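Shared chain: subunit A. Partners: subunit B in the first complex, subunit C in the second.
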Partner chain A sequence: MNINKYPEIKPGKKYIKRIYIAVMLWIVGRAIQAACRVDREIKKEFAELPEHFSFSLGVLPTGPFMIISKDGEGRAKYDGWKKGRNSLPLEMNIKNIEAAFKVFSFQESTSVAFARERFIVNGDLGYALAIVRVLNIVELYLLPKIITKLAVKRYHKWSEFSPVRKYVNRVLIYIRTFTF
Partner chain B sequence: MQKKDFYSFFNQSKYLAGARALEHIPVDLKSYDAARPLVLATKDVTLQGLKKTFIRAFYDSDITLGGFYDDIIDTAGIDQIRDLATLFHDRGCDSIIAVGRGAVMNAAKGLNMAVSTGVSDILSLAGENTLKHPLKPFFTVPTAGSCGYDMANIAVIEQRMFKSDYLFPEVVCLDPRMTAVTDIQKTVESAFVALAHAMEASETRHQNPLNDAYSLAAIQFIHENLPVTLKRPGSKHAALALAYASAMAAAAFSNAPSGVVHNLGSALSQLTGLKPGLCMGIILPNALRYKIEKKIPVRDELVLAQAGIDVYSQTPDKVRAAKAVEILGGLTALAGKYIPASLAGLKIPGYILEDAARRAESEDSQGFTYNDYKSILTMSGMGLA
Partner chain C sequence: MILPRYSEFCGRVKTLSGASALEAIPGELKKLNASKALIITDRGVVAAGLIKIVKAAITGKGSRLTIGAVFDDTPPDSDYKVVNAVAKVYKEKKCDAIIAVGGGSVLDTAKGVNILVSLGGDNLLDYEGAGAVKQRLKPLVAVPTTAGTGSEMTLVAVIADHDRHVKMTFVSYFLLPDIAVLDPRMTKTLPAAITAFTGMDAMTHAVEAYFCLGKNPLSDTTAFKAIQLISNNIMNAVKNPGDMESRLAMANAAALAGIAFSNSMVGLVHNLGHATGAVCHVPHGVCMSIYLPYGLEYNLHKVGDLIGEILYPLAGAEVFAKTPKKQRPLATIEYIRGMNEKLKKATGGRHATALKDIVDREGKQMVPRDAIPVIAKNAMGDGAKIYNPEEQSYEDNIMVIEAAWEGVPLDLKKIKKGPKKQKF
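Right, the complex of A and B next:
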């Protein structure tokens, strides 16, 4: 048998999807930082997390990632997209770029993606759920209702999330996300 | 449901099923500490463009494919397996992925035995439970028409049967992009192999709740989705459901002794070169009818799985077995274009039929005799004296 007929194959890369996900993670990361300063519910979630807590959300095996840590004042801080060598207290990794694209293009909600085992969580599951709640609220602020409904398990009712709070905070979060 | 004092059930495979299931393979390979699989496939996988789909699923992963060997034809041969073992070692591979159906799965299992045990002649491992240690990680990606054997704990190489729990694939990946129907004849045949295996696994004296869960679900899936596939072969949803059914039937079949339809269908297939699915599809309703005539118990739950709770509850206890045959007859009639109603038209010589009955009897573990097998063949339209 001529083994050269069957060469080894080094799979390529899906650049466009990687760039899209990197941009989405950057926006969400910055938005979490901004929302933690604006929304009381997110502030409370972060306050309940341990000191020096940090987490990453990204795509296996090589990223992109989004690193968020808790600063000295108990608020969320976006730490960029590069993961260091040390493992973080909580690492939420999506198994592959296609699964990540489904989540970040809102074809699949975070909870459905969890249920379909598209995520691997290293760390305390309680903290992971707190972060999922934070992500849900951030999506509520960042996206229009028609898209948010696809991304979250249940869209908040008016009584739970007043429109005034939503629209005022949305403007503040957008300003803080895209300004330095 | 009957309670059992003791039973055992083993199914090693993890199933990745549904949308984008292929893309999960790299992570699962890593979980077995494997990073360099050798991929085996049949030529039609490449011709249908599935090779490209498969390779694209590995994009952005840290897995390197040691090679994509797509020259497997109809049967798994020992010389080819030796060549593959050379390729496997030369490329420093650590795992095997089989893409396709039938021969490629047998070749992959043979290759795995060769590279994992180190024996020079794998035919010396033929038989039941001859493997003593786990083999290298083995993943399968069945395509449309993949029958129950592919995902089961058996391999057939050079007409010899290998059966061991170590032959179960570690991961079975059922992705709608791969299971879409391309050859309706093969799809129907494989559905009937799965149906025969599931029905026989569910009705044996060795039935148990776990086997029931797999076998009855497989029967239900086939009865619900085969008519859809026959009507609309392009339905990816129905094709995937049939692939699920094959996977479930394989798990049930691996945990039950082989039944009359399997024994007779395999024997006829080996002796005549006809496809096993074709033989089993013709024999299955007749074997069931024969059992009813001989007052061999046929399970009520078959009707429940075949037609649902309404038909089951409307059918009196005593006629449920006959109803199961009637429903099965309806399904075979629907597939009549691909599976003939009787073997009569296939013009098989009488001595081959007698050989088939004899060979089936030698494989039998449930007390069926040569005369029983002969009678079933007669009912199937063989006209044996």
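Right, the complex of A and C next:
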């Protein structure tokens, strides 16, 4: 039998989608760190998380990932895109690159992605919900309304989220996200 | 029919249903290479004489199954400390299978025990959260003694940490029992009030499964049949407890509803119900029957068409055909409120229809009004929230719980509304 007739098939790389998601995760990670210093709601969410909390959001099996931890002052800190071998208190991973692309290109809202079992969550579901709330607020700051509406279940009304807060914080978050 | 662009479904529990289903357990366990079972149950089940029936059925002539021990101290609200204690019994008695005989608390306790005895360790908290259970567990036989939780068909175990006042959710396909036994002898002696609220618990599973975000054609099918069976049989099971046909129908309905919600998940009703149970120690089914109409009202603007479709299995083809399409969603809600009222009457007022009316055995009110903010806050950390079609903020939770506390319908104008068309 000629064993070479049956070659191994290696998984494709999908470089473009992988790069797109890596960039999105970098922006979102930096934005969470910035928003935690600017927005009182996000600050409160992180304050309520346990000390030394950290989480990763990424794509299985090989990434990219986004690692966020809680620093000594109770604020979010972006820890890069490389996940170590040790598991984190909360790991929210999307099962594959195609599913991740749907989420990060806003074809699927976070909740619909959860309902379609795109995510695998390791850790406390209560913390995962807190992170989903943080992500929703960050999206509100980073993205225009027309896109944010695709990502969240209900867009805030003016009475719930003042335009002053929204636009002032948006500018501050953008500056902090893209400056080092 | 709604066909999501992507969905997942798993319903692989072998189900034994019928008047002598218990007798088949030894043969089934033998196939799984198990010969010494630990029975987990509670004192109510023992007092009702059900363990005697189970013992006689599984250790009868020709059976090679031995019973390692019977643990009958499971509390009404499964607790991780109890799970740790039962796991110790299992290990000391060198058992190789678990038979859980009881309601949701017993079945969830058994799932927790199975995690510990299969994966090692002596503290269930080490396995907290979704995704912690990643391998096949020991054989587990689920014998439900209520027709409600559907826990015999689900991949979820809800176990409380009473010190922290939280209910921990364990989720894994490996938590699905190997065998579910639906034997009407197990629910024959169930008191009317418990039959009523556990039946409405199953109804809630099926109804929420039909309109929450994870719905899919397979879960829809099981949800529809479950609603039909419950609607046709619950009153008879409450009024004529000895009617074995109604009991078997309810047991099957609860199992079907369990399959449905295990695959499509549940929303606001369970979210607020879990929180109310965790804060005020109210039985799960009682919360479900009270919150169900509110869950429908809250999501009416998003999934009204789906709620309208529920009228068919609920009220029958004739009522469905006579009701104009636009009126069906509200007719569904009215029908469910009517069912709760009828059950209240049939149980001599013990089936509460408002949170303020829930009392414990001493007649003390279980949900004081000042617990509402605590319940609303607690619900923000419960996973069911994510599968509800409409967003739920803390203020939204307060609004719904206050209405449910008073027992008055929600003011539909006050509900904050996201986009009308729900994407599945």
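Simple rule for what comes next: the second predicted complex is superposed on the first by the 174 of 180 C-alpha atoms of A that agree within 3 Å, B and C clash if a C-alpha of one lies under 4 Å from a C-alpha of the other, contacts with A are read in each partner's own complex, and residues count from 1 in each chain.
As a convention for this text, a contact is a pair of C-beta atoms (placed from the backbone, for glycine too) under 8 Å apart; a residue touches a chain by one contact, two chains touch by 3 or more.
What you are looking at is a predicted structure, and each value in this text was computed from that prediction instead of being measured.
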Query: Counting only touches as set out at the top, which of subunit B and subunit C does A:Tyr155 meet: first, second, both, neither?
result: second
Query: Who does A:Val132 touch here: subunit B (first), subunit C (second), both, or neither?
result: second
Message: Applying the document's definition of touch, where does A:Met1 land relative to subunit B and subunit C: first, second, both, or neither?
response: first
Message: Contact-wise, after the overlay, does A:Gly84 reach subunit B, subunit C, both or neither (first, second, both, neither)?
response: neither
Task: Using the superposition on chain A described above, determine whether A:Val112 touches subunit B (first), subunit C (second), both, or neither.
output: second
Task: Kindly classify A:Pro144 by the partners it touches after superposition: subunit B alone (first), subunit C alone (second), both, or neither?
output: neither
Message: So in the superposed three-chain picture, is A:Ile120 touching just subunit B, just subunit C, both, or none of them (first/second/both/neither)?
response: both
- prompt: Same subunit A residues contacting subunit B and subunit C, which ones?
  reply: 116-117, 120
- request: Going by the contact rule at the top, pick out the subunit C residues touching subunit A in the complex.
  value: 4-8, 128-132, 166, 169, 212-214, 264-265, 380-383, 385-387, 389-391, 416-419, 423-424
Contacting residues of subunit B [partner subunit A, same complex]: 18, 20, 23-24, 26-27, 30, 55-69, 83, 86-87, 90-91
Statement: Seen from subunit A, its contact residues with subunit B in the complex are 1, 3, 6-14, 17-18, 59-62, 95-99, 102, 116-117, 120
Residue numbers on subunit A that touch subunit C, as the complex places them: 90-91, 109-112, 114-118, 120-126, 128-130, 132, 149, 152-155, 157, 160
